[in-house]
Amino acid sequence: MRVTKIKEIIRETERIRTFVFEEKVDALPGQFVMVWIPDVDEKPLSLSKHKGDLTITVLAQGPFTNKMAELKVGDKVGIRGPFGRGFKIIGDNLLLVGGGVGVPPLAALADKAVEEGKNVTAIVGAITASELLFVDRLENIGARVLTCTDDGTAGKKGFTTDLLRDLLQKETFDSCYTCGPEIMMVKVLEQTKAKGIPTQVSMERYVKCGIGICGHCIVDGTGQRVCKEGPVFRDIEVEKITEFGKYRRDASGTKVYFRNR
Amino acid sequence: MVDISTKISGIKLKTPLMLASGILGTAGTSLKRIAVFGGASAIVTKSLGVEPRSGHKGPTIVKSIAGGLISAIGLANPGYEAFKEELDIAKEGGVPVIGSAYGFSFREYIEVAQALESYGASAVELNLSYPNVGKTGAFYGKHTELSYEVVKAVKESVNIPVFAKLTANVSDIVKVAKACEEAGVDAITAITSLEAMKIDVNTGRPVLGNKVGGLSGPCIKPIALRCVYAITKEVDVPVIGCGGITTGEDALEFIMAGAQACQIGTGILTRGITIFKKIAREMEEIMEKQGYRNLDEIRGIAH
Amino acid sequence: MVDISTKISGIKLKTPLMLASGILGTAGTSLKRIAVFGGASAIVTKSLGVEPRSGHKGPTIVKSIAGGLISAIGLANPGYEAFKEELDIAKEGGVPVIGSAYGFSFREYIEVAQALESYGASAVELNLSYPNVGKTGAFYGKHTELSYEVVKAVKESVNIPVFAKLTANVSDIVKVAKACEEAGVDAITAITSLEAMKIDVNTGRPVLGNKVGGLSGPCIKPIALRCVYAITKEVDVPVIGCGGITTGEDALEFIMAGAQACQIGTGILTRGITIFKKIAREMEEIMEKQGYRNLDEIRGIAH
Amino acid sequence: MRVTKIKEIIRETERIRTFVFEEKVDALPGQFVMVWIPDVDEKPLSLSKHKGDLTITVLAQGPFTNKMAELKVGDKVGIRGPFGRGFKIIGDNLLLVGGGVGVPPLAALADKAVEEGKNVTAIVGAITASELLFVDRLENIGARVLTCTDDGTAGKKGFTTDLLRDLLQKETFDSCYTCGPEIMMVKVLEQTKAKGIPTQVSMERYVKCGIGICGHCIVDGTGQRVCKEGPVFRDIEVEKITEFGKYRRDASGTKVYFRNR
């Protein structure tokens, strides 16, 4: 556990903020850190940049993340990590499919891929225009960005999976990377599997220790630890994860089933 | 050829190296993986209670020196009822599954133990001391008489072997062990993690969400070893050594101190899930070199 | 400028960093050297008894992991009478000298404490628990009532401040601390080394001549810290933190947990005799960075 | 603590044996090891070779050393160390003055000095001829050896200090090294000081921990630890050690005064 200060806070949307810390990292896109707000709690958050100042992008959606939204520049937080397995860049033509706060780790991946001279296409979805994340950032590094919103306020009206279907009818990719709501990722995998595109998925499960010892982030089928063998899994691994798209365990280890959206 | 198989309360173990409770033990698939891929000779479930518990706020864990941990998970568990299906999966691992039970009353201990028996657990291990869950939590294992009563109550309620897991945060662990023996316990597991804490000097705040937690890992090994040595000197029921076991040498120290078997938890942090296979090989190598053929030849020779 | 001076029972200390008992403390010249060359702000003598004791057979010490030790010296000391001249030399170090006393009866504790007072010790620290010397030895500190009685008896017999040094090998160290407070103790030192052992797997024999010993050094720091935290929460007399303090950060953790001062022993092994100067500098650096000016600002802020 | 086996035992004299172990060392002459006989005790013993197989030479004189004399090849003992400060080779013409089991560390020093091309003169004393140690070994490496015995059964009749007086009337040396009975070393120092020869002394005090933590080997005057700052001290240090030649502390820390011999 090391303590660092907030250097900068960027208001991305109404409920999403990016925090830049006075600490450097050199990690893999897809890896996460445990962020501690003293006397509050500690939660897993993905790196939204893989290199340079430690940066995370957080959706305020509950006690901890709301508290984060109240933090100010100069406030101290604790950091453990980076932890977990990140994305592996395979091939030259990469497709990224992200929804909501699933986009930040994909943005980090895009940075790295472009650095390595890869072609990046990103499908970015959100509920409404004001919630779309990192479209400019992705375009600025030279990625092709396709957007969609549930309400049609920006990009195509509909889901990322609709955009994906259209795209895959015309083009193919060396590999695909997806992060977002699990139901979305299930559908992404269905499509990329049908087209034979190797796909990597970033999964969220209830993380407590973050270092592979407590077992709270386990996934059924393989018994793998999301904090250690994940959060990024390859499609062939995901196929063996029997709970994928079906349920996840809460803080007590009780199964909570996803509602299809 | 060195044979490191052993037996505890009639339960055969291919090696003395079991998984300790609370380590990767909240789901059946995880337990199965530790057995099949990791090589554990038996697996102990996370401690289960009557109701689901979410446990403490984070941080629930902080690394200490030398591969050690200070943790305060707070007995997060889905409750025993949800664990029926987990136990079924755990059993697919092909090794004995030991159910760990905790309770806030005798009745709760009995309820959980009986359920675990009905689910097919090979034994039940009573978690008598969980330093991180309020005053009630730490109660039983710190009191000789209460330890006696809990063990007795559970022994009268189930037919599978009953293990008692003790804390070293007592004045005289041997006294507690003797009380458990008198109450008819089948084996004693010693020890659980030791009350400890970490303060962050930048913020002046305790790091753990629960402020205090339990120290585990290599640092507590010399303490655990002395407990096993002291208990096995005075008590006849088998003792399972636990606390900081990370290498074959560590495990042999416990056997030489008199332990029947060992449990491993935090060692997974530094040596991975296959630590059970690694330690088995290391034990065999050392024993081979010293000309020992089986664990009975060395068990308790340090006395 | 950061000021890390402090005071305990009216005794002024230029830093909170005192030498712990039993470390390089059997001769006056050694104590003087730790004060002058090492920079300790006060020095505690080896625990002294009524009669000279040769202590245990060797090995009296074995290294443990992470700069730690398991030791069983067995209270070797020349007896308090021989120590008069040692104390005179120790005082030349220019810092307060605290005499450590042990006894096998109340009468012995009183006898040693009175002698130390007459020799000019600034305070007497009662060693209430020495795990390595038979059953009688460990007796007092493990029993709340006996701890109360010893402290009370000594308090009634001397005018210098009386410190009680406690062991964490009890079910509830806070209870013992409270008993000492009721008995009028001036300060509490927590903790002494923890019961532990090491077995050599080549020979199957315990390494220490006494078989079991006490674990000290970095491994026990999280345990000692929790003790200090728990005691200062419930007890008003000042607490001296001891156990594994090796860096400025360690010392600050204890102050933040509520300690009035610190004692350092095993840390000398890895950082040398000048550890007291080194830790003082490190404390100042950290405090400077965080904008703290003195120890009162941070004492107990982790509560 | 590491456990090793005895490889070879050499009977040097009636009461002195050399033990060679199945373990290599690379140490300084003058350093010592702690030797553990399981279930018996652990005691400090000097290396009688600084390099190669760990070797010690032991005089049976009490419970522990008598037990050592009973050990057989293949027996296991524990070793800690080497510990302490060894001899420092200064100059080209070296004089060694050893009595009894003070000779072994000096023999190790002679090995090293000859390796480095120095001239070595050794005065070796004992009570009687059969107790003279390492005379052949020293001569074999090319050292000049002067012997004496209390009873005159070999070499000059008298003490090493008598031989030394004669020698220093004719010759001088760059530095002198002495190990043996403390009363002898006091007299050696007196003489070398008068002649201005820098001298190093190997002192024995009651060693328990061997690692500088317990304080049992402390010397008065400086408060130095024999196990850490010693056992070898330079003459200018010894001058400040007020107890030198006067007393030492026993296992309890009680002062035991030397009887002049």
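Remarks
The first chain written gets the first letter, and so on, giving A, B, C and D; residue counts start at 1 in each chain.
In this section, a contact is a pair of C-beta atoms (placed from the backbone, for glycine too) under 8 Å apart; a residue touches a chain by one contact, two chains touch by 3 or more.
Note that this is a predicted model, so its numbers are computed, not measured.
Among the remaining chains, none touches chain C as well as chain D. Steps from chain A to chain C, taking the shortest chain of touch contacts, total 2. Chain A and chain D have Cα centroids lying 69 Å from one another. Mean C-alpha positions place chain B and chain C at a centre distance of 33 Å. The distance from the centre of chain B to the centre of chain D, with each centre set as the mean of the Cα atoms, comes to 51 Å. With centres taken as mean Cα positions, chain B sits 36 Å from chain A. Shown for chain A are the residues that touch two or more other chains, of which there are none.
Contacts with at least two other chains are made by residues 198, 202, 205 of chain B. Contacts between chains trace an open chain of neighbours here, each touching only the next in line. Taken pair by pair, the chains that touch are A-B, B-C, C-D. Interface residues of chain C, counted against chain B in their complex, comprise 64-66, 68, 70, 142-143, 168-172, 194-199, 201-202, 204-206, 211-212, 215, 218-220, 222-223, 225-226, 229-230, 249, 252-253, 256-257, 286, 290, 298, 301-302. On the chain C side of its complex with chain D, the touching residues are 22-34, 46, 52-55, 57-63, 69, 71, 73, 76-79, 82, 89, 198, 200, 202-203, 205, 207, 209, 265-266, 268-269.
Residues 1, 3, 34, 36, 38-43, 76, 78, 80, 208-216, 218-225, 249-255 of chain A are the ones touching chain B in the complex.
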